[in-house]
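In what comes next, chain A is part of two complexes: it sits with chain B in the first one and with chain C in the second one.
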Partner chain A sequence: MKETKSKKLDPEKVMERIAEASRPTVAGVEEKDVRHWVTIYVMGRGYSVPADLTILTAMEYAGYKFIRGCGCRQGFCGACSTVYRRHGEYKLQTGMACQTRVEDGMYLVQIPFSPAEKASYDISKEAYKVNTLLKHYPELARCVACNTCTKACTQDLQVMDYIQAAIRGDFETCVNESFDCIQCGMCALRCPAEIVQYNMAQLARRLYGRNDRPEPKHLTDRLKEIEQGKFVKPLDEITKKSKEELEKLYYSREKESD
Partner chain B sequence: MSQTKIAYYPGCTLKTTAKNFEDSALAVARALDIELVELPKWNCCGTVYSLTDDNLMYHIAPVRNLLRVKQMVRDELVTDDHRMVVLCSMCYNALKRTNLRVKENPEDLQKINDFMYLEDDDYELNVDVIHFLDLLKEIGVEKIREKVVKPLNGLKVLPYYGCMLLRPKEVGIDDPEEPNLQENILAALGAEPIDSPYRKVCCGSYLTVDNKYVVVELAYKILSHAQKAGAQALTTSCPLCAFNLDNRQKEIKEKYPGFKNIPVFYFTQLMALAFGLSNECYGFDLHHTKPEPLLKEKQLC
Partner chain C sequence: MAEVKYIEGYPEEIFQLIPKVHETRSWRAENIPAAMTKEERQEVLKIHPDWAPGGKRKIVVGPNQGDIAPREVVDLLEAYPLIEKQEVDLSIPDYQVDIMVLGGGLAGTAACIWAHEMGIDKDKILLVNKLRHGDANSIMAEGGTQAADRKVDSLERHYLDTIGGGHFTNKPDVLRALVEDGPFIMHWLHELGVIFDKEENGDFVEKWGGGTSIKRMHSCRDYTGLEEFRVIRDEFISRKIGCIEHFPAVELLTDGDKVTGAVLYNLETGEYKVVAAKATILATGGFGRLHIRGFPTTNHYGATGDGVVLAYRAGAKLRDTDTVQYHPTGAAYPVQIIGYLLTEKLRTSGAQPVNIDGEAFVFAMEPRDVEAAAIIRECYVRNKGITTPSGLRGVWLDTPMIELKNGKGYIEKAFPGMDRMFRRYDIDMAKNPVLIFPTLHYQNGGVETDPVGRTTLEGLWVAGEVSGGVHGKNRLMGNSTLDCMVFGRRTGISAAEYIKKGKKQGKLTLEHVSNYVKMLKEAKIKPKRRSPILLPEYRGKKSLARALHVEV
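Take a look at the complex of A and B:
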């Protein structure tokens, strides 16, 4: 099929394609249409599944239903962490179930939650210095630079580097190196020093954002508008609309790239 | 002659509470035609050398730093192809002892290298860890004296060594009983080095976290004996000693009201002062006992 020359995409078509690509279940796949099969082992039990599925969809194919441990299905929310090992290998691998293709002989288990310490604080009352990180996450000082966190990272971040940067008060490096973290929790679960890398880094980013970045004018302006109640009425109106009206509104919305 | 460029490991404290140590040392090195090139990537040194025989985990951090020098040589960031300079005494001790340990135990090194499989390089024992004082000794007091524009005349200083620079003997930078590296430098700067048996006595080290009163007692002894011997200031090359000897003066004063505060310098700060380098590298704001009154009295600032 030929793409139309026009650069203007039909938003409805695009939405359909996205929906198709991220269809939550594989219900409707006919076995006779599947050409390649692999065997995966979910919590020790073997299942034959179509080879082109992700771990998440393969598990659904096998009959699992996700109530937790699944969110965005786009690799952003960090809910679908998985630990797996390939047959015949000693190394444990990590990945996001919604982003990782199944492989033959894959032994896997979902880690839907990591029971990690999370500090609560009032960011406006916290000093912008390394001691604040150590106060809330004292385990930070236990890092032995073994790099296990980096090996475990599903996003290929240099986790140990940002931990080490934090220890020496280099907020900028800590922030930049941790920026793409989706908080899947694998680093914290593997760390022999029991550091909660991702929560610590979030505190570092908040401190940095608050103290070391210029105030974003558009945000301050918008907050003022919200406080003045500018959006109360439109929001009220929108919540009363029907699904059809909402769809129409959605497709005709003003977009930044337009 | 082209400038010597040599790999430099800073350590975490030199980037925070001991920034004045780093700033002054880098400036002094520059004045002596040496560029200390910071490792492009480094991690904590391990802080305390681990004596546990069967747990290699604690030796990974120091080894990981040592292997970085290879990449620096490859990238031609340094002209000295085998040495790494350290300023902090504790970092020096941890790095040097680990280096020695893996030299003596090739199997341990093999295990550590295997464990660090994400690194581009293995550590191949190609690095010598030296302290900045070693480097200054090599440069020689003559050259140091030549750079002095503001002699520290009349300044009586106790060069404090503590433990980490001198012990154990295998890694000590000087005679553990009669060290004189700092003395020679101070004399070259025009200052008068003071002797005291307490210059080699432990300051209490990290007990300062858990039981600071042990440190208060030790620091009181060190400082009051220094004063009795006539010292008006101390020098050190260890941020932890500096913290214990300087910041703990607050608690000493509470316990011993007759105690008179005494400034504690990094030896590089006095060098920078005598070399007439920019004030910015002194970092006196980080001191508990402010050195300015003494320096004013001696007409040094």
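Take a look at the complex of A and C:
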């Protein structure tokens, strides 16, 4: 779709055109612009909604104003966990409402809260050992390797694998496999052994982050230099510089080579 | 209308433009465009939403009278309060605490931890959240955190990069605090167990950030904010500090001078609660959901600028209200993710913005405002953009270049979040470029503070995105998460020290609100708006048009 050449626009006009093009995202789609519709069932009640919305935006289109079940809107916070089933299928699916496109005949309910237990600890006093995980989350040992957690994961993580890795004391695998977890809680809600996978993994990752590799030497050295006052004078000087002096320094500063 | 044919996630018409990007890639990799000169920057910025005429107006009441700000922000400042004095019984507070923290992003949560660390009782601290604890901008930071901790780097170099990026408008003493504490914050996070990307020998992997002269960006894959925040939240919960959720602050309380507490509102039941606090730390984050100039945003659902409104009514001074940060690389396609952030780290890892003819039209690592303006110019002045099915124009971000530079499989490893997001729409960003356009990202200005986060009002501290000064008129990547932790910590410590001086709880009144209303009336401003707005309105027009308000 090559743009046709048009005459130079003034900046204010450009802004108006951008706002116009962004309107469906910012203020919602207009019915007249929608080409495809689907029907979704929110807790059993059917609504006709535009086909290219996510569950989250489709529910808003239908008139829901979120108080719960909506946080970041971009797949990071885990607020919008949703369970759904497609018409005619028996299988329950899970997904994040803000990341899942609506489909025709989707029956859905949001699960905006999971009443899971999180252990309290002082991480500096905890040993970097599998026993620490078992001490705080003894249910871990009850894992029957049924893989329900993996199937429930909205991020498609190998949840059971990281639970099994934790039981073996394989922190590396547990950390890597659980790293992308947004703690939405679906695994814990589906687990027949009542394990709170995501909280256990949080503890495992903190232990790993602290203990697996020492603090970088360059950081320790820098902290020492700061303590010895190495930067006091240069900072005293630079904070007193005029705009002109700073500009000169800034535009002539050397870049590190790539 | 004929069905659109999709190939590898793109409508056929757009897919056919991709070979141009592939063909020119190796040439572009060898012929990187030069960074702009000062004059070139000034020229291109004319088409930046901040400087294009028509978006701003003067603030007519309050401490910043005469300053200019985006219309949408002035609208909030000129709006009438949600609650009137007579509706609220302030005689018996529901909570009596030493330190109340409003907003639990990185800044607010860090403030609580450090106040507790200083010896304030866990039950004498209260963290107040509008949504859940963590439904915040903080959890979405993808790219990284700056801190000058490499041997070849220095604190003054971090200072210079930042103040240059901020067009030399940053507040020097506050900026100094930011760069001075950077390495300590990295140490603190490491101790807490944050997993940063590391080299085999344990050194941090550090990357470029737009506008930096040296590699200084620490990251945790492309989930930096998620990793930093969930660790800090885990620490917070372990300490059993007081916390309430879905209970936004709708007004501060004062005794006429000092800030003494707040009125909170239960979003589910409509009930209010009154908090008496000897010290208040405001950490309510930014205002992306105001959709300044009609732009889509990267911000979370609750980023509605409440904190600025509350502090301003109480008499706090703002600064740098005239600029807003637009991130150069928001998603422009597919429609479900328009405005979402594509982290700057994509560019610092090698991806270039490319126009419809396959040209790299701008140096990929200009400061954000310059980069964003260059993309707008390419789309709307030079007409070399690509029009998406929703009508938005964009340019390519040549993501396959990242693997050209860093090897096959790098994207999946380094950008799992982004890769996952595009795959949900059948787009493989390692194979094909993606479409981008600037998106509303960050509140540059805010409530003015000193180097420990104190405001012009006694009893009120401010930390994080709601503050103004440290980034001047334009923030650099990676300086905001750092800002949150540096000033979260500093405000927590400073407020704790204030409490330890034996400060007494002040009277609880809404007098400042009545006075503010009086000013609005004197300025002949009609009561057509209310603020804070708490949540944006996205309900469909059709359903809203038929909404009834009945008591059941």
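Miscellaneous remarks
Quick note on the criterion: the second predicted complex is superposed on the first by the 187 of 258 C-alpha atoms of A that agree within 3 Å, B and C clash if a C-alpha of one lies under 4 Å from a C-alpha of the other, contacts with A are read in each partner's own complex, and residues count from 1 in each chain.
The rule is simple: a residue touches a chain if its C-beta (ideal position, glycine included) is under 8 Å from a C-beta of that chain, and two chains touch if they have at least 3 such contacts.
These numbers were taken from a predicted model, which means no experiment stands behind them.
In the overlay built on the shared chain, the residue A:243 is in contact with chain C alone; chain B does not reach it.
By the touch criterion stated above, A:130 is placed in contact with chain B alone, chain C being left untouched. If you count the residues of chain A touched by chain B and by chain C, you find the higher number for C.
In the superposed pair of complexes, A:216 makes contact with chain C only, with no contact to chain B. Once the two complexes are overlaid on the shared chain, A:164 sits against chain B while remaining clear of chain C.
When the two structures are aligned on the shared chain, A:147 is found in touch with chain B, with no touch to chain C.
In the superposition on chain A, A:138 makes contact with neither chain B nor chain C.
Contact residues on chain B toward chain A in their complex (touch as defined above): 11-12, 15-16, 41-44, 46, 57-58, 60-61, 64, 115-116, 118. Interface of chain A with chain B (complex): residues 129-130, 143-147, 150-151, 160-161, 164, 167-170, 192. By the touch criterion given at the top, residues 1, 13-14, 17, 38, 46-47, 49, 51-55, 131-132, 134-136, 139-140, 148-152, 154-157, 159-161, 163-164, 168, 172-173, 175-176, 179-180, 183-184, 186-187, 190-196, 198, 202-204, 213-215, 221, 223, 225-227, 230-231, 234-235, 237-240, 246, 267-268, 291, 293-296, 298, 300-302, 334-341, 356, 376, 380-381, 383-387, 390-393, 416-417, 420-421, 424, 535, 537-544, 547 of chain C touch chain A in their complex. On the chain A side of its complex with chain C, the touching residues are 1-6, 8-9, 11-12, 14-26, 28, 30-31, 35, 52-54, 57, 60-68, 70-77, 79, 99-101, 118-124, 155-156, 175, 179-180, 182-183, 202-203, 205-210, 213-223, 226, 231, 234-235, 237-240, 243, 246-247, 249-251, 253-256.
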